[in-house]
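Next come two complexes, and both contain subunit A; in the first it sits with subunit B, in the second with subunit C.
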Partner chain A sequence: MTASMRPDARAKVLGQLAFGADLEAPGMLWGALVTAPAAHGHLRSVDLAPARALPGVVAVAAADLGPLLSGRSGDPERPAFPRETVTYRNQPVAAVAAPTLPLAREAAAAVRVVVEPIPAVSDVEAVFPDWPGSDLGASPHVAAHVLARRGEVDRAFREAGTVVRETYRTSSVHPVALEPHVCVAEVHDDRWTVRTSTQSPFGVREDVSSILGVPEESVVVDGAWVGGGFGGKGASFVEPYALLLSRAAGRPVRLALSYREEFLLGRTTLPAVVRMETAVTSGRIVARRVRLLLDVGTSLPGRDFATGYAIGFLLGPYRCPTFEIEGYGVRTNKPPFGPHRAPFAPQCAFVVESHLEHVAREVGVDPLAFKADHLWHDGDTTALGQRVAHFGLPTALEAARGVAEEWRRTAPAGHGVGVGLGFWSTNTPAGGEARVRLTPKELVVVQGEREIGTGSVLVGLAAVAERRTGLPRDRIRIEYADTAHAPYDAGVFGSRTVGALGSAVDQALRNLLATLAERWGGRSPVTLGWENGAIVARAGTARRPVSEFFNAAESEAGALVAEGKHYGQPGTIDESLVVAGTFYPYTDFTGAAHVAEVTVDRETGSVRVVRYAAFHDVGWVVDPLSARAQVEGGVAMGLGTALTEEALWSDDGRLLNPGLVDYRIPTLDEVPPVDVTFVEGFLGAGPFGAKGLGEPPIIPVPAAIASAVRAASGAHVTELPLAPERVARALKSR
Partner chain B sequence: MRSARAVAAFDLLTPATAEEALSALRSAAPGALAVLAGGTDLLFDLDDGRLASRTVLSLRRLPWRTLAWDGAALTIGSTLPLRTLENDPGVRTRLPGLYAAVRAVGSVALRHRATLGGNLGRSAPASDLIPILLALDAEVELVGPEGARTVLVDRFVQGSRKTALRPDELIRAVRIPEARPSAYLLQRVRPFHDISHMAVAVAYSPRRESWRVALAGFPPRPILVPEAGELLRGPRPSSAEVVRAAETAAQLAPIVADKRASEEYRRALVKPLLERAVRACASSGGAT
Partner chain C sequence: MTSPVLRLTVNGRPTALDSVPVAERLLDTVRWRLGLKGTKEGCRTGGCGACTLLVDGRPTLSCLTLTHEVEGSGITTVEGVSEDPVGARVQAAFEAVGAVQCGYCTPGFVMTLTGLLKERGSAEAFEELLNDLAGNLCRCTGYASIVRAVAAVREKSP
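Up next, the complex of A and B:
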């Protein structure tokens, strides 16, 4: 482990790296989207003529697609543009391109879109006023229904000593990457090329192929330095439109969303309502019932992933013998549900942690002792039947409790200290492949992802290569390639990069070292080093330049190449417990315990976070500086979810705060110092036992803040975010 | 090169004298010209394409970046950057309410560009500067083809984005008649870099032995509540007086709800903010 300056830091500080937003191509046109003027309605007409009448303007919409694509058609369920019905306000219905952006915008505004409105659905509780307690299954508004239970739930509740019931509400949050969605597309003959700012070049390729009906081998996606992802750039967005425009124009087309469009068109994690019911006897949880009503926007029925994914977080990392969990994904006239760092996990952790703390207080036991008593330990089985192993959260919680106790002793009067827990699953089955190229002077890792800012690609993969080979970091280079040249990888999301792609890199390196060992007459183990200006293979005390092991072809090519792949095993759940729907099988658990100290203004409800400590189960710290930065950044982002961030939707599906004035992300001024502690040794499935760390740092934040607010003021807030007005209301209703 | 093409083209006029500026203003068709006095608000409109004007008249070369004390009176040029105003030792000690209000505006970087004239000219309901100017009985100096005129800020600000400024006039300066113990307190969702959803400005005039109370943060505009000021007596009003003033202000002010806060919450905020503001004001002493 060596702490080091990020290799991209200097160039980024000096403004020398080309982000997606810096992309351009000679002779390119500028694209703009024409969007639906109503949240729901019959699309009667899209008249492109006024746009086309402007000099130099190219315009495309649904009706134009046939000729453009030579009769090919994409997935009928996800057309680039709607044909008959618009399902959310600002849904793209056409696109235009022009020699300048102002002209493109003028042309977009000139397109006449006629929509015959149909009543729109926005508030999930208004759609289902009888929830919970009624079967919503047959409603056309339901995109997904999941239900699982174990044991005799009703009886357990009837016979329990105490039953606590509460309702929680969480807000819609936006990833707010500083760089908007942006790409430059160029179509020549049958080659559809797009350079784009993305967390998943191969995912974009798949989407473009599916949406446009172009074979995957004809689509080439090249990444760029990503100006922030946070979950929002994991799938295609602007690329299909830009490609269609380029196809129509015969020229490269740049399409970037304005920041206002980022909000208006963007995918957000949408609001949810959760009903929590917990039965306790003699200080032990005997049964739980959890009901979730999740707004999934215009996600398609049968394709909603969020509901089954989110609901598993609502039992928390706690043992529970008898339970019933039921979730409905509700379709509304909002943009489709979109991921936001650890999609829905911070919201779920807020609900679980706040509720269990409330339950503990109601039955008169110490909340942290209550949680520790029920926390998963190695060897336990989760509610849905998954084995818990190498789980560092109990250790992290013990450390956090110690700090919390010390802070409580030393905090000034009026301050409150709270603790929140969260768990995560970091070894998704989403696979990755990598190629390594060993030259006499450097080791090159060739792969298909771009660095999105976390360091997981640029630093994480290099750290794995350093540890596997022994070669110093400055002799290891990460090479990016487009989808036509790079090995496949699923994407930089799900905290999977170091775990999954890193495992593929590690496999490639082990293959490389095995080849060297074999060619060295079976000497083992072989490692690499940098000596006298050349890379040498080492075995015991023996040293030989690696070039001596190259065969004729390799000598001519100047490199020895090896490949590796990693496709994780999907987790399994006990299907006998599942009554309806699909639950997400979490694997390779990790977790974090956070401690927050806050002050609460009892008259205005304002919350200030004074200090913060985070304890993370990471398996192995791959790179200390990057790991620490991930936690600090995750806490800062989580403070937004906890305290200020909330996309506001009107009853007719209008986003009321499409910008950074009224959608408030934290500023540096209110992010407190964050003490970061890593719990190592509970090894995960990644290289050398690494566990993902991209998402876990945001998960416990709203829970820890809510706990601290309650400790400071007595306010029990059951809605996110804990904005001053909500805290003031909770204080008043105490 | 690209950024130049990302915003609709406009002509930028940078006159060096008031006469040139007024002449440019006079010759422009209605709505065709936007006045730039810092640009921290105007640029949003330019970037979003909401601004139809194809000509922008920048005031930055005009000799109005001034700050002048005349005894207890302070005259602030309309294009003086807020950061300069904030850094003036006299403002900090003699006009603590103005100092606090200036510091509530945006970030340091933004205050290096933003101006008092721009803030008044744009006249946003959540302006942090207008309420304290109301409490300080400030006047706006306007120049137009017929010469200069002076208008009380209370008369100048007419509504959300509406002022008494005539199309052929410019804001030259703001005059605060006397340094007063004063305070400005605001409530916002995010503790920094955010727009207020309730704000209270108070000032005590030792000369006239009277208080001014202004409320802001809700549409359509910041307002004076004279009835609340009249309930406060002397440099250190009693708690009972402050409570009555707060109740009166909360009751009389035309407070409404919007997406930033409910009416009920806003009214409930008047009392703590006013109490704290009066306390801060009283303890800031008679530094004049």
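Up next, the complex of A and C:
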């Protein structure tokens, strides 16, 4: 790897880049949040007087917002601070700012918050003990209900040769970006400016506008280098509080969550229970029934996206003519459900893969052959009627099977080899726009995102520009601008950056090249090159410096500018199958097959992963080293979901392990070498057929590990994570 | 409660600090008093290693160290470690193999590895080095590229 391929590496190893956590402003105050002392209750009073009595302290709460915002009001359903009811423990109810952080924390602790408790809901199974089998639709605890059906499901189950029924449980997992949520806010007159560590500057602008009731054009969001996102920094979090404090103080305010608060307040994937039923006749699946009870925390009714999106993953990438899927998103007194790298998909893949492997064993067929027999191929339709196209998973599975067979032959006694599959939907329809500026010396891509670490912005967009124009990567520079100056983009999430924003960049470049071609008397195709210290336009064997094509205004400005946009089309599902609720279509199919080899300690149930191989359908490899790094990192994160990560909630909505000592993510000595193989040629909707790769690597991991654990020890574990006590229990119950 | 003057040598420069509260952590002194923000704040409870710097050459969690505890010591941060040939080699290896994604954990890894190599010399067994790096967390890379960087440093060791 050369330095130019990862242009931020040098500054990062020298410690020179300013992350969000490193921002400050002259005269800045430090903020701290005051949080609810109970998970559910009537907010009787928030007494700020003891905080205000400390010298230099500024404090705000809901009651103060009216005057602060000059009569404006934001979305009544999502106020910055609750007015009447708190719905999760540690929900922010007020905020304070002070000249030092210790004083801000002291002031926050001095605020007297009185909450009259109401019984809290935490465990979804305790709320609905009769599930499945009862209609929960009318319950106030239901945030979403989705139901779809095709064919005569009951009859298919009655007439089937074999029916297998199982219940699975998955855990609550946290993104654990090492940099906490942090921002510096500054309000002057009617300009609300916030510099923040975010995956979506424009998303933060929209949220701030909606929550505070400030027009979008008055809000300016400026990004910073992001110390890890993983979905956790995709929406606003600390920004509205910091802006309110700055408005009240008349000074800039820095507000950062402590790492403990990251856990206590963080939006995260919450626990779920899944009932899987599969009917098989003569080795073929004839019908499936899937029921999901998903904890969505305090997500608002009608705004829960998780249930209707996630449930489709529970059918897996498999053909199934007759099915019924029903999901309930259940409101609990926990923070709202939030994204976490491929939200809920690794959990779904664990459930469907483990279940189908179990079904295959029950009917006496080879699990991988059984899966391969039912796997989607191009031209198939998903359960909900979406056509599958350019799908590389069957090819990835064939390669993975070969490796799994070899590892089974060569593995020492006591080792087990397992395979897990997963699919994902990339290039989401969320849109993006970009501007390119061609100068005689460099090509600049002006856009709205910041690099969160994957390389999708700094490396991915540059690689697209290199391939489109022919200009070497070191003559291409990615420039970031704040929301007042950058073209709009939805955000660095959903594995969409190279696919969607990259398509906008590509469109801008095609417009740029078309302009050059037109000004060159219609020569085509025109590409760019770097020759003798200048950027030249090339057509056939002809070469001319690009500056010769600039008009008078462009010559004066020193650049030729072009713009592009990309707003993708959502897929469509067969709505005639939908009985209730909203299902969300997928947009661009990709998939991965993973192979794991593990050992299991039969006494303790402890699992050690020995080696690992991952096969990914990517369209084309945009940048080999970044692609490999995504898979290596995603696998490690998936090992956490598979083996150790579990946010533990008490019955009264208390998070019991809010820290990195008790919530364990994988460490260097726990991650095995990962062999990475890319399946190319199944081209997706991104530039030159690119498919997203940010999220897919985490998806098959828990499934592959569970499969390997079963192969090694016989333990069939139906709960995540596969912590030693669960594995040991499964071994004892055999 | 503060103490009048506290003396440290930071990246080779004698530094005198006034009015440092007794409870102030070295992490905060370095980042906010001295403006050396290459040292990162992660969990503040010793669980992630992002804040690692060198105190008299030894890798130290600055979030669990009171500034007054290290009075008179030599502090090396990621901003100053390039002056050390071992530190420069570690930084070059991380850059060359691309052992960097978001980069937030990177200074901590650079400082821990530099300190370990200085303490024990490059003859230190590879497995031992990796074992002792396991106190530094990284959520992006899956550690694979970091392990490659460690291997690269050892290959290039004199």
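To be clear about the criterion, the second predicted complex is superposed on the first by the 729 of 734 C-alpha atoms of A that agree within 3 Å, B and C clash if a C-alpha of one lies under 4 Å from a C-alpha of the other, contacts with A are read in each partner's own complex, and residues count from 1 in each chain.
As a working rule, a contact is a pair of C-beta atoms (placed from the backbone, for glycine too) under 8 Å apart; a residue touches a chain by one contact, two chains touch by 3 or more.
Everything quoted here is computed from the prediction, not taken from an experiment.
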item	value
Touched partner set for A:D8, first subunit B, second subunit C, both or neither	second
When both partners are placed on the shared chain, which of subunit B and subunit C touches more of subunit A	C
Which of subunit B and subunit C A:S258 touches, first, second, both or neither	both
Contacts of A:V226 with subunit B and subunit C, given as first, second, both or neither	second
Touched partner set for A:L656, first subunit B, second subunit C, both or neither	first
Partner chain(s) touched by A:V635 [first = subunit B, second = subunit C, both, neither]	second
Partner chain(s) touched by A:R105 [first = subunit B, second = subunit C, both, neither]	first
Which superposed partner A:Q16 touches (first subunit B, second subunit C, both, neither)	second
First, second, both or neither for A:E725, with subunit B first and subunit C second	first
Which of subunit B and subunit C A:D669 touches, first, second, both or neither	both
Set intersection of subunit A contacts, subunit C complex versus subunit B complex	24, 102, 258, 661, 666-667, 669-670
Subunit A partner contacts - residues on subunit B that touch it in the complex	2, 5-9, 47-49, 187, 189-195, 259-262, 265, 268-269, 271-273
In the complex, subunit A residues that touch subunit C	1, 3, 5-6, 8-10, 12-19, 21-22, 24, 102, 175-180, 225-230, 258-259, 451-455, 625, 629, 632-637, 659-661, 665-671, 673-674
Of all residues in subunit C, those that touch subunit A in their complex	21, 23, 31-32, 36-45, 47-48, 50, 77-79, 82, 91-92, 94-98, 100-107, 110, 130-131, 133-147
Residues of subunit A touching subunit B in the complex	24, 30, 100-102, 105, 258, 260, 601, 603-604, 606, 608, 643-644, 648, 656-657, 661-662, 664, 666-667, 669-670, 723-725, 728-729
